Structures are given as C-alpha cells and as structure tokens.
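Here it is, the structure, as structure tokens.
By written order: A, B, C and D. Residues from 1 in each chain.
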Amino acid sequence: MKKFLSDPILGVIILLLLVGGVASFTVDVFFTLQNFTNFLSGSYFVMLLAMGMTVVLISGGIDLSIGAVMALCAGIVAKLALQGMSVPLVIVCALAVGAFVGCLNGLLVTVVGLPDFIATLAMSAFATGILFIWTKGTPIVGYMDETYKQIGGLAPIYRGVTVPMVTAIVIAFALGAMLKKTKFGVHLFSVGSNRLATRQSGINVTKIRILAYVISGVCAALSGIIMAGRNTTVPPDLGGGYEVLAIAAALIGGASLMGGRGRILGAILGEVVLAMTINIINLLGVPSSYQKIFIGGILLLAVLVNQFVISLRTKILMRSTNKKS
Amino acid sequence: MKFKNFFFRSVSITGIPIFGLLIFIVALFQFIVPIFNATVGDYITNLVPVLLLTVGAAIVIIGGSIDLSIGTVCGLSAGITMWTLASGLPTALSILLGIATGAFFGLLNGFIITKFGINDFIATLATLNISGGLLIVLSQATDLYGAESEFFTSLVYGSFFGIPTSFFIAGAIILLMQFLLLKTILGRRIFAMGNSGAAANVAGINVRNVKLATFVLSGTLAGCAGVLLAARLGGVQAFLGLGYEFTAIAGAVVGGVSLAGGRGSAAAALAGGLFIGTLAQGLQLIGVEPIFFGIVSGLALIIGVIFDQKIQDIGQLRSRFDSRVLAQPPRKEGDHG
Amino acid sequence: MSAPLAFSPTESAPVILDIRQISKSYQGVAALENANLQVRKGEIHAVLGGNGAGKSTLIGILSGVTQPDSGEFLLEGSALAPRNPRDAIKSGITTIYQELSLVPALTTLENIFLGRELIIERAGMKVLLDRKKMKNEVIELAQIFGISKDELDIPISEFGALKKKVIEIVKALTFDARILILDEPTSGLEEEERLHLFDHMRNLRSRGVGLIWVTHHLDELHGLADVATIFRDGRTLESLNLANSTVEEITNLMFGIQFNEAGLRTKTNRLQKDDASSKPEVLSLHEVSRASVLRDISFSLHAGEIIGISGLAGAGRTELARVIMGLDNRTSGQIFLMGKEVKFKSSASAYKAGIAMLPEDRKQLGIISGLSVAENISISNLQSVSKFGFIISRKKERELATKYKEILSIRTPSVNQKINNLSGGSQQKAIVARCLNSNPSILIIDEPTQGVDVAAKTEVHELIRDFISKGGAAIVIASEIQELLELSHEILVLRNGSIVGRIENVQESKEKSRIVQIKSEVLALSAGKRSKNEI
Amino acid sequence: MKSTIKTKTLVLAVIASLVTLTMTGSAANAIGTLKQDALTGTSATVDTAATDAAIRKLVNGRTIKLGFAPPILSEAYTIAQQGAWNQMKDYETRYGVKWVWTEEAPLNNAHSGVETTGFIQNYVAKKYDAVFVCSAAPATVMQQLYKQGSAKGVEFYQFNSTEQLNQKSQATDATAGLSSVSNISYDNRWQSGALAAQYIADELKGKGEIIMILGPAGSDWTKLREQGFRAVVKKYPGLKIVGAADGGYVRDKGLTAAADLLTKYPKINAIYGENEDMALGASAAIDAARLKHWDGKSGIITIGADGLVSGMDEIRKGNLTATVNVGYADMGRTMIRTMFAHKVLGMDVAKFIRVPTVIVDKTNVDIFQSQIKAELATKVKY
C-alpha cells in the first residue's frame, strides 16, 4: 500500500482514468480499439523522446535539443536512403549521429560546464541549422518505399503490430530495466539526487551524465527514424516543439526537474494523456481555436492531480503511523 | 597591481563580462558593415519588448523558478490592448488593461505554483498554452487592428531628442527593476530565496509570497512588453509572442543570470538580451544566409556563456581573500540540488 | 564517559599510514605546512585542532579530493597519490565526511553500496544488481544500528537527520578499509548511538584497521583514542599518547591559551532557578499535536528560563520546533504567546511575534550560502537596516554586521565575505547574530554547537546565557545531554512525539553524582526502558 | 530623337500587352516555362529584336538589388524563388541587367511573422531597389513599413499574401491602404478554397460527406480558404461538412487529425486539406484505416492546395486525388516582370495581380508538373 502510494506514476494513472472516463461517455467511438490504435500510433515517436528525456531529467539535466535531433536524424535517414544505402546501414548511421549529438551535449554540460538549458538549446539550433542547409528549405522527398512505410508504422508488419509500437515497447522495457535493475540506473538517480555525494563515493559523475545525454540522443534518433517513415517527407522544421511535449509528458509521468525522480512507464502514460487529449478534441470537434486552451487545461489538471495524490498519500501514511502507536 | 585587482573585481560582477563582449561585437559589426549604426535605432526598437521579457524572466530565475508563459502572455496583452483600443476605450485605460492582463497571468502562475506547490515549469507551460489559445480565440472573434490613437503609437514611434520613446519607457522600467532587485527588501528576499529556499524559509521569509511576487513582476513586465509590442505593430496576430520565452530566458542566462537561482540582475539580463539581439542584427546585415543562421547563433550563444563563465571565475578567484573556498569543489552552473 | 579503558599495545604495531612533510597552500595562503603523521595498524589516532588548523585540508589530501603541493604519504610502505576519491577508496582509504554525503533519492541499501554494487552474472553478462546478496551482507550490521530489514528499501529522503547519520556510519563500516577517516562522526549522534559507534571503532581497531578520528569532543577521547596529533595553523604539533595527557594539556596545545576545565563546564551555575517561575510566562503549548510526529505536547516557558529538549532520533524534537515556528502546521492544540493564542502561517509571522530559530542543519537550513555575512545577519529583520521601510541601506547593514562581528567575535576578514567561506563556528555565530537581530523574546535553538570547536562552543553557550540574563527565554534542543545539563533549567524528554519525562531544577545539580544520575535517567526515558516521571 | 520615342512607345505597347496578360493570366502565361516566355521574344509573330535593343539601352548595364523575404523556408517559396531567378536570368541575357539577390527568412514561428519587420528595415538601410515580401505579420504593420521604406526609395512587392489589408478603409476601396507597389498573389477564397470545393462537388455529383483538415487557427490563409470552401459547399444541399480538425499545415498533424476524424466518420467521401502536406497526411490516414482512395467512381477524394513536385507525384500514384496548383514558379516570374515593368520601364501596374490557379489531377498533372520541373531544372542561381 505504502509503496504503491509513494509511486510517482499513481497521479498520471488517475488522470488517465479521469480523462478516458469522461471521453468514453461523451464520444461514442472513443473507446474502440480502432481509435486507440489511431492516437497511439501517432504518439510512439513522442514516447521515445519522452523516455529519453526522463533519463536526462533523472540525471538532473534537461535536453532541449531532442526535437531538432529527431528531425536531423530523420533527414539523415532520408538523405542516405535516397543515395540507395541499405536500410540497416541507414538506421545505424542515424543512431550513430543521435549518439554523437547526445555525447556532444553531455560534454558541453559536464566538461565545458555550460548550463544544460543553454547547451542543449544551442545544440538544437545547430541540428536545425544543418537540416536547413541540407534541405535549403525544400523537404527531402522520394526516399519512401515499403520498408520505410513499415518503419513509420504506416504499414503493419503483422496484423495490428507496427514497428514503432514494437520499438517503443522494447525501449521502454530496456530503459525500465536499466533504471531499476542495473548499477548504472542506481548511479543515474544518485547523480541527479546528490551530485557531490555521488562523486565522493567514487563514481565517475561526468561519465554518468554524458551517458544520460547519449541515451536521450539515441532515443531521439530512433524517433527520427520512425518519423522519417511516418512523415514520408522531411521538411526542415520537422522537429519544432517536440522537446517541450516530451518534457511535459515526462513531468506528468512523475519526473522532476530537480533530478533523481522519474519513471519510464510514467513518461509513456504522460504522452498517452497528451495524445488522448488531442484525440478527444478532434473527436468532439472542438473548434481548433480552442485546442491550445484545452491542452493547457489538461496540463494543469495533470499537475494538480499529481499534487492531490501526494497530499492524499501523506495523509494516509500519517494515519497508518498514528494507528501503530 | 591596484588596477589589476580592480579589473578582476569588476569582471566578477554579473553582467559586466557579457557587456564587454557586447561592446566588442558592436565595434566589430560597425567595422564590417558601416551602415550598422544607422540601423541601431530600428532593431533596438524591435527588441525592446523582448528585453522587457528578458528582465522579467531574470527576476523569476533569480528567485529560483522559471516562467515559460511570458512570451504568449505578452502576445495576449498586446491583443487585449489592441482590442480594447479598437473598440474605442480611452488609450490610457486599454494600456492599463493590457498590463493588467500580464499581471493577472503572473498572479495565476504564482498562485498555482505556491498554493498547490506544483512544478513551475509545467504550470507555466500550461498557462503558455492557455494565454496563447486565448489570443487565437480573440483574433478569431474580432479584428485586432485599426486603432487610431496618436498617443498610443507615440509610445514607440515618438521620440525625445531623437531617441525613441520606447527606449525611455523600457529604460525606466528596467532601471526600476534593477533598483528593486539590488536595493530593496523584496529584492534581497528574492535573492535569499533563490540561493536557498529552505534556509530563507527558516530565516523568517514568507517564501510563498516572495515567489508569488516574482511571478507577478514577470507577468507585469510581459504586460508592458505586450503594450509596447502592440503600439509598435499597430495590429496583433494570433501566435504573437510565441517562442519569445526561450529568447528571453536565453538572453538572461547569457547575461549571467544563473538558472540555479540567486545570481544575476536586471542590468545583466539586459546586457544578455542586447547581446543576442545585436548578434542577430549584425549577422543579417553581413548577409549570412538564413540557412546558416541557426548554426551561427547557436555557436555565438555557447561562446557568449563560456566567455561570461570563465572570466567571472577568474575574476572571483583573483579577488577572493579567503583561500578556504578553493578547497571546495567548484560549483557548476545549473546544479539543482 | 562510559567507555571501558581498553588499550592495545599499539607502540609495537607497524605503521600503515606514514604522512611525510605534506604542504598545501591556496593562493599563497598556507593551509598545511610540513605535516607529519603516523598511523599504526590497529590504532585509533585522534586528530585535534581548532577550525582552520589544517585538519580538513589533510583529510582532503588523504581522500583524494585535493592534491598536496609537496610531500608524500605511504600506505603500507608504498607511496600513494590519489587523484580523486575513487583512487583513495580503491587503495584502502575511506572517509566519512562531516556533512551528510548520502543520496536522498536512493534507498538505504543503494546508499550503503553506492559505487561498489554487487552484480549477478546472467548469461555471461554482468549488469544486474544483486540486491539479495547486498542485503544479506549488510543486514546484521544494520540491525545493530537499529536499521530494520524493510528500512533498507526505503529512500533516504524519508528519514530524519540523525537516522541518516547512522546509515552513513553503517555505510562506512561496510567498507573494508585499511585506513578509515572519521570527520566528526559523533556530531548530532545520540548518546546511545555514540557508544555503539565507539564499540564499532574498537572492533575495527582489533581488526587492525587504522582509524583517523577528527573530533572536537575532547571528553570522548580518553579510553578510546590511543594517540592524538594536534594541529595548529597548518602545522602538526607533537603526537601525544593519550594514556598520559589531560584535556587541559590538549586544549592548551590546540589554542595556545589557558583553558581550565571549569572554563568549559561549570559556567552553568551563574543561572539561578528561582528567577524562572517568578517571571511571567512567555510561551505555552496546550496539547499541541501534528499527525504522526507530535502528540499532546504541553509545557510553558517563562522569561529568563531555558527549557532543554532531549530524545532519540525521530522523537519529534526538531518537529516540535518547526511547529512552534509555524514552519509546519499543527493538527490540533493551541499555542499561546504572552497569553494570547497564535496561529503562525509562516515563520515570518513567528519572527514578527518575537520568536527566532537557530536550525539544526546549518548547511541546508542555517546559512544562505550565496549571501555575505552581513546579508545573512540582516535577513531576518531587514527593516532594521532599511530606509523609508523598503530600501536597504548597505551602510546600516555593514554597521550592524560589524557590531555583531565584534560582540560575538565572528572570525571573518570582512563582513562582505561570502558566509560559506567561514568556519563552522563563525557561521553558527552569524546565525545567532541573525536571530538576536530580530530582537526576539524567545530563542529556539536546535543543536547549538554542532560541528563547532571547543572554543566556539563555549562562546555560543555564553551568548545564549547572555540572552537569557537579559530577560529572554529559550528552548534548546541537543543530542548531547552534557550540553543540556550545562544550559537548561528544565529538561523535557521526548519519545515518539510525546513528552515522556521532565527533569526540573537541573541547575541545582552541581555535584557529579547527580549529573550522572540525570544522564542515565534521560537515557532511560528516551530509550523507553523506564517510564518514571510520566505525565 | 524621333526614332527613340517611336521605339519607346513600341516597347511600351508590347510590354503593356504582356503585363495585362500577366494580370489576367492566360494559359500561355500560366505554362510560362523558359522557352515560351513572351518577353524573351520567341514569339512566332512579333519580332522583338528592336525592343530588346532599346530596353538594353535603357537599362544600360545597371545593377538592381532585390530582397526576398518569405515567411519561412519551404518548398513553395523555393519554387517561387527559382521562378524569379529564371526570369532574372532571361532579363540579364536579353537586357544586360545585373542582379543582387538576398533572401531573409525566419527559421521558426512563421505564423507570427514579426521577424520580417526587422528584415525589411535592414533592406531599407542597405538601400535595396526592391523587396518582395510575404509575411504573416499583421497587414497594418507591413503596410506601415512599406510606407516608411518607399519614402526612402525602396519599392515593395507583396507576394503570396492575402488581399486582406486589415484596413477599415478597405471596405469602401479595395486597394486603399496598400502601400506596396503591387500585391502578386491569388485569392485564397475563390482561387483556392472554392476551387477545391467545386472539384469535390463535381466529382461527387453534389452528394456526400466531407471532412476538413485546417491550417493553424488564427492564420489568415486558413481563414480565407475555409470561407471559400464553405461558400461553395453551401450551394449543394447534398454536400455536408461533417467534421474539421487542426492539422497545423504539417503532414504528421494532418495524419493524426484525419485518422481521428476517420474513426468517427468512416463513411465520408472527401477530405479537404488546406495544404498539400496535410492532404498527404490525410491520404496516409486513409491507407492506415484500410479505406479506398478515389478512383473516379468510389472511394475517398483527397484534395490539397499548393502545387509542389512531391504533391504531383502522389497524384500520379493516386494517393492524392487532386490539388489546387497556385503556380509558385509563375508567381516568381510575375514578381520579377512586374517589378521590372514598374521600376525600370516606369509602367503602372495593377495593385492586385492575381496569378492563375488551377485544379491539377491525373488528367492534367503532366502539364503542370513538367512546368515546375522545367523551372527547377535550370541551375540558375543568384
């Protein structure tokens, strides 16, 4: 009971039930498999971003570059595919670039000692810039084929199963296990929670922090590869704003900007909440001019619910301890 | 020797290094593109609203929080001002309404954050969407243009001794903020809170109220920025102000306002904002192709901050009397607890 | 002290750590000059000295945080130059730092094994943590220190300061170090836990570990430490065998001035009990409770009176202080100030009403690190240095700070110095100054002399007594019963959030026998073995 | 002396006819690939050698500095720029005009467009001869800037902008308050939104259900295209707009929005995407929902607007039923022609020049795609 209550994702679960519940009463088609597969298929790549972001947030940093990096990697996929490079090779290259940029972020933040906010903001300017130079403003087109359709989730690999879905699930389990079950995971939380103490206990803090950024870079790359397939073209402004979405998802999912807190499952559910909101707006036929207000409201609701859960928890815990004595 | 010490002391003052760098690039651009000086009036006039936002952002950051809503709130304030003005309200009143809109959103942010103790980043992200959305609705519902008010346009296009009015207005506001931060009790409390919220709380500072105050201030500044923006544009568009928040925060940080809280000043933020704005202007005049713009500005941002940090470190090390400090591991920027 | 006199023939044992002529200076200021020190196998080696004598620099060098300018040290004959803490730990030198170096987000277990986790081998891959094995390794030790099996899986952030300290010591004890450096290990520890620790230190000694023990508590030395090396102004004075040297000798060496034991102890007699109850009641609590931490706390405090609060970790001492200050809100009960009921929304209103607090955790809750000494002093009552009620006058502020600097003899080159550059004692005094500047009628002092050297300690006590003699009242919270005995008229003992005992007329008890009796009584009450004087 | 006047009048006559051509927008003009360009004089009937010589004399090797300020870097504006460049090349070879071309575009939030104001002030400071502007910034703002700029001798030409000048006076006089020399664009209501609706109505024989994927709420383009579209749909009682959603002018959002609407209205017959990217997103959504594309008789019609190479490819493949081709290349050329006519030859030009737009589907895709490809094929660059 105690453990469950202290779990940071309790809030987002409640929120999910709340929003979903209301929706399923107001919109008839909402609670259909079809609809769920729909809005989920549109959110896998954001989930990947959010997961990467969660890792960075846990380590006590923030990565504003992932949106741009995603776009950049999508661009790489498109460009290399156009040059007739084989799919696996293309993917490897994209991942390498993602990892590289992540590493660069990490170095800027740790070795150079820039504020993470600025370093990653600048990095996103770089990534976008490179994409603009490549595209000269004109989207990269004509690289699509059946494989990329599948990669983008436009065509299923088996029945309803799509590549993005599988990727998201695999990465989720991988990262989840990493955080919970491995040394590195513990060290991530440790670095985010008390950097000095971690350094004193002989852990290479710099390495851990850099790796955190590398992971988010790789996640961004994965999401970029999927995006390339899903979007079927790569316009220069592809990545705009996704980083903020990812941060929002991660925070709704119980991560903290102060570091040392966060759950992979939370990030996923956080993104589901956001995707669901848009889906409901579209289904309800809310005039698009009201969308932003709607989304803002949901964000507020999200944090308020989280807060409510925490206060509830403390109350219950207090009572239980009172009973004991 | 004496001078040397003076030098190191002064560069250790937040904002001084970046100000030096600013002067340097101004000279540089003037040298490369002789017409640079002719354009200063224009681009700074365009920059004024962003500068006000930068200072607002700085206040909140010094207090140890962050406010993402300033951009869209600024846009909404501009919209409200335009709307009320166009629908025939007295100029002074609609200006007040514009500022009030900003103040209200600041209050809302502060209230949500302090009352429910929820994360400032996401709370202000929410109000970012709400205020942005409201502007869209407003722009759909009515025309946000065609206000005929001499006085209003003179806020920006008027001038004393050849200097645009908006400079005086913004200058006065920023000066006031500088004074408030460095000389008043509230300012001191903001710094204390930013340095260590818990300790400030124990030391008898009502942290909730002080935090609330910082958000109200940044909101109000966003309101003023909105009014000036409206006056400059003479018409308001949906999406106005979207994205300014990042420019503003970046400006503040480049100026040496620490995201960890407790360090910075209005003047420093101003220097940072001017640095970024001037850089963009210079690059445009030089004729850097837009596709290279992202890369160059990103690079400049990094260089600016590194420069600021390193020279400040040197300055502080040299002008320190107590050696024990150096035994402690250097505290990196962006260290949240 | 209750430590049995157990001596091991260390003179014969081999030297495992040999520090030779180590010097370190910062920006020309020498922090350490040709320091020499030998630690033998199975020896408890006390390192003594006032704040800034160079002890911390030496620890920094041994633990790899800083590197010496010149000189070297040999561990079991081989020269060692750790570039970072990791090196030091690897080569067998472990340090418990004075300030908590635990990670709030991690569980007790994760903290204990941080940096040296045990890994299971699965399918040739060594990635997964072996929590079970780690538990088994530590559980026995943990239970000795009162950490239960499930507490191992609870995040540190859920525990109070003292529990954290214990966990940190458990952590250190699980290292198999050849040299263990303990920097003020007992600061903020309970009497009982202290004894536990001492036993463990002996146990480590018998295992042949060399312990370097940095402490301010001279009274703890005898019967435990074998040798003491005394530092002054960055130099090491001769090491003396504690078997034949008195506290006086040591203090004289430390400060180069005459301190008699009386000077350290018996000032208490200046306060007379009778002037308490005759004076008006300033603060009184009626059945104040806070869910799960405080239950039905009632007592009253008179002008010129000091009430001492004792109790074990988590007994609710700090919580009580926070409730009175309005930092936490109470679930039931009333608080009366000068006979009027008060409900403080925040500590700000408490200060206005004339209550000031000196918090326990100086680094986190005490000093405001970024600000200067002057700014730290004025912060609680900025009106006192303001013009027109809202503008701060730097001049007034400087004058105010300099005044307190003189009165409290705060050691700092200038009041504009950043406070985190000061020694612990001076920081503490600056916070006292902050409290006094809010001219309170009531002082709440949580652990007044934590991590403060002997000289500073007596000074802080002086300040408190001074405040009382001027008609103020105070609540003093301390883990060291000795300290409560020295300061308070009446001692309240807390257990699980409620008062389990009161000992009155503490000041009348001069003779040692009575003191010892009170000590054991308090211990018994707080441990809950006996419930005499229950109300 | 006399002869020069003669030639001048002749030239004026020729060009006048051409400019009117441009404004009314004849087919020949619409298919304005390099060779068929009238001003370059490969006309079978008229010999323009003399004209060319005269104009060359008038130009006298001068350099004209041009600014180009689109609201964002995108395929559409790249095509427009290429069209302009090609036209410039022609003039350079024929009349020996030398050109300086500088592009300034914001990299982000194209929809607030305030950045453009800064660019314009810089063009003025740099004393450019003429500037082509498209910005989402409030029209009043832009007009104000044009006024100030023109006072300093810089000519402004709006392109691809709406005809809403957001001036109260426009109620009485359409061109009132237009401070740019000319506004080279098309009517987003009747030349885009309406055409799309009409096409759907014709294909569906006036009966069916439609969903709309709109651009970002608050953008003028969105507003007007929707107006035109709805206006035509009203005329057909059988047609019904069942749903609408925001696709933010980008493919991915378009896909998501369309997918959502398709789950609610699987029976719809047509999707109108306000631009090609969103329409293509919608088309992907149709595939994902395993629904059928329009084959002339049954399935779902997907129609967009822009006329980009990528879009036309999709039309060939049948993923996109049709699109409204607004002829960006032609717009680019017209920009240069108009500027040249006014600035160099001192002619008066229409305040509102509307480039022709056309519905492109399988039947005529070859014509228009080949046109754009031809324009882009020239490696001309300034």
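FYI, a residue touches a chain if its C-beta (ideal position, glycine included) is under 8 Å from a C-beta of that chain, and two chains touch if they have at least 3 such contacts.
If you're wondering where the values come from, they're calculated on a predicted model, not measured in any experiment.
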Query raised in the report: Tell me, which chains sit next to both chain C and chain D?
Result: A, B
Query raised in the report: Counting C-beta pairs in contact, which comes out ahead: A-D or A-B?
Result: A-B
Query raised in the report: Using CA atom averages as chain centres, what separation in Å is found between chain A and chain B?
Result: 29
Query raised in the report: Any idea how many Å lie between the Cα centroids of chain A and chain D?
Result: 38
**Report entry** Chain centre separation in whole Å, for chain D relative to chain B (CA means)
**Finding:** 38
Requested in this report: Using mean C-alpha positions as chain centres, tell me how far chain A is from chain C in Å, no decimals.
Outcome: 44
Query - Multi-chain contact residues (two or more partners), chain B - result: 136, 140, 290-291, 293-294, 329
Report summary line: Within chain A, the set of residues that touch 2 or more other chains is 128-129, 132, 136-137, 194, 196, 199, 259, 289, 291
Report summary line: Listed in rising order, chain C residues that touch 2 or more other chains are 65
Report summary line: All chain pairs satisfying the touch rule are A-B, A-C, A-D, B-C, B-D
Report summary line: Touching chain A in the complex, chain D uses residues 72-75, 77-78, 105, 107-108, 214, 216-218, 243-246, 250-252, 255-257, 259-261, 263-264, 277, 280, 284, 287-289, 309-310, 313
Query raised in the report: Mind pulling up the chain B residues that touch chain A in the complex?
Result: 112, 116-119, 121-123, 125-130, 132-134, 136-137, 140, 246, 249-250, 253-254, 258-259, 290-299, 301-302, 305-306, 309, 329, 332-337
Query raised in the report: Where on chain A does chain B make contact in their complex?
Result: 60-61, 108-109, 112-119, 121-126, 128-130, 132-133, 136-137, 194-196, 199, 244, 247-248, 251-252, 256-259, 289-297, 299-300, 302-304, 306-307
Report summary line: chain C residues touching chain B in their complex are 25-29, 31, 52, 56-57, 60, 65-66, 325, 327, 345-351, 356-357, 359, 364-371, 375, 379-383, 386, 390-392, 413-414, 417-418, 420-422, 434, 438
**Report entry** Residue ranges of chain C touching chain A (in the complex, touch as defined)
**Finding:** 63, 65, 84-86, 88-90, 95, 97, 100-106, 110, 114-117, 119, 127-129, 291-292, 295, 496-497
